[in-house]
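In what follows, structures are represented as structure tokens.
Next, two complexes with chain A in common: one pairs it with chain B, the other with chain C.
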Partner chain A sequence: METLSFEFPAGQPPKGRALVGCVGSGDLEVLLEPGTAGTLSIQVQTSVNGAEQRWQHLFQRLFQEQTPPALNIQIHDFGATPGVVRLRLEQGFEELGHD
Partner chain B sequence: MNAHDLLWGMTPAHLPAEAPAWALAVIGAGQPVVVRRALAEPGYVAVGVRGRLREQRFGAVMPLAAVQRRVVPEALCEVISPRDLPALRALAQLRPVLAKAVWGITGSAGFELATGIEALHAQSDLDLLLRTPERLDRGDAKDLLALLDTAPCAVDLQLQTPYGAVALREWAGPSQRVLLKSASGAHLVSDPWQAVV
Partner chain C sequence: MTDLLNRHSFVELGARQRAKALLDTGSYRELIDPFQRVMSPWLSRQGVVPQADDGVVIAKGTLDGLPLVIAAIEGNFQGGSLGEVGGAKIAGALELAAEDNRNGVPTRAVLLLETGGVRLQEANLGLAAIADIHAAIVDLRQYQPVIGVVAGSVGCFGGMSIAAGLCSYLLVTREARLGLNGPQVIEQEAGLEEYDSRDRPFIWSLTGGEQRFNSGLADRYVADDVAQIRQQISQLLQQGLPAAQRSRQADYYLARLAALDAAPQIEPATVRDLYQGERP
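Right, the complex of A and B next:
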């Protein structure tokens, strides 16, 4: 078990919060809550050790396309593939948009 | 050949040059590989090599012609282990619950029951698969999950639909869209029993 922290530039915090994903092999659970304006901070708790670079690259690619909202994101990872991580984060952002 | 089947017959020569040393060691020792949910060239099957540690997983492809033995998850339902661990106690408790279903054992429990190699530990969860060619009602999913959650360890049951796998825990929950894992990748869908377009 390893806990990783990341920070990215962000816009304004959203109003709502969202919880997406699932506890189980190959999946992850993502909790998105309003953060401090200008900052997106992410905590990843993962069962797969030694993957900090992979997470960093994945987040960078995801957030370079569009400035994300200011959030505190907590991720519990159970060995999800990058494709699954991306889907779950997109699902989380979508659910925030609905509130 | 389906995801989670265990295959014997792979040799170190089948592994690519960049394969880690531990993968060469387990393949060299004659351990089976696990069929992955991924596409492979005709004549090949996508497999995963599992090492002793959680982060020791290596994706490779195996020529179908090299397969000498195959064990499907369903074949492990009645295998009894002499070890005493929460995951094995959970299995004993759930056998009667699942008796009428087509189900199987995957993950470290399946690997251990199929090979006799100790892969489980006291914190291991139990990975199960349930074949559901017909749609499982979300209410029934909730009832089944409640039964599984009385087990002495966490149970991760994947529903195998004709189009991929979805976690029982998620299908039993409130989310409108759920994650369907298929050979072509993962998708968020509202009905896992419908072809992904």
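Right, the complex of A and C next:
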């Protein structure tokens, strides 16, 4: 198991918070909460060791398309593939929009 | 076919979605929600990724207007195993419901059981928590019904199968399994010849929801459909306390077991005949 931290430039914090996913096989849990304006910080706790680069690239690709809101994101990962991670993050951003 | 399309599966829902589906719209309120980060302090130390709610959702609200607390176990996280935190959440919720009743608020409880029992990484703390849950069920069920629901697909095993047995009413689906020991444990102890854990029809024929209901060990056998499960739970809640708790009928079951010839391999029908006999 490994704990990783990432930071990205961001916009304004959202009003609400959201929780998506579950720490089940091949899945992950994502908790999204409002952070400080300008910063998106992500903490990942993952069962798969040695995948820091993979997380970095995945986040970079996702956030270069669109500036994310300022959030503190905590991820509990149980071996999700990059595709599943991306879907869960997008689901989380959408849930934030609902509140 | 239309029947299948109109159905809304309960088994496919996660713990939080199940609790939301049962409570009246707008009444859902979660206690110790995942954002409070009350997590297992033991899993990370053993290299296991924790979950923010420790796999247990405690929700308060109403069902058809009746005050209710729901404890839902997330079967996908660590096999729905109960550790120190998740176990304490369930025991605490039941104890508070009993306290409510002593203060004139008739809070009922529903347990959504998808669990392999104690979380082995938390050993004795998990076992102690499950003992607290047992005591809390026995306390609360004097005032109001405690309803256990085993929907599947994990089933309900170990110490939590005893919790299921202590409930005022037990509701199962065809996907459900209920047993003290899980199939793999029995196979390991009894041998492949006697109990093949990979033979799914065999496993369900002995521990599945239909068999448990036909043996009189469950009170309702329901299709995997949100509306039907909700309606049956509501009915049981309105029905009030059962005439006799199943767990108080130990003498009846012991006498029946004493009459059993254990030499030949036991068939599902043998169990049904044995327990059905003259119902108490």
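For this structure, a couple of remarks:
In this text, the second predicted complex is superposed on the first by the 99 of 99 C-alpha atoms of A that agree within 3 Å, B and C clash if a C-alpha of one lies under 4 Å from a C-alpha of the other, contacts with A are read in each partner's own complex, and residues count from 1 in each chain.
Just so we're on the same page, a residue touches a chain if its C-beta (ideal position, glycine included) is under 8 Å from a C-beta of that chain, and two chains touch if they have at least 3 such contacts.
Small disclaimer: the values here were computed from a predicted structure and weren't measured.
Contacts of A:26 after superposition: chain B is touched, whereas chain C is not reached. When the two structures are aligned on the shared chain, A:76 is found in touch with chain C, with no touch to chain B. In the superposition on chain A, contact of A:84 is made with chain B only, not with chain C. By the touch criterion stated above, A:47 is placed in contact with chain B and with chain C alike. Touched by chain B in one complex and by chain C in the other are residues 22-25, 27, 47 of chain A. Chain contact summary for the complex, chain A toward chain C: residues 1, 17, 19, 22-25, 27, 29, 31, 33, 45-47, 74, 76-78.
The touching residues of chain A, counted against chain B in their complex, run 20-27, 47-51, 79, 81, 83-84, 87-88, 91. Touching chain A in their complex are the following residues of chain C: 14, 34-35, 44, 47-52, 55, 74, 76-78.
Residues of chain B touching chain A in their complex: 54-55, 57, 107, 125, 127, 154, 156, 158, 167, 169-170, 173, 175, 177, 179, 181, 185-188.
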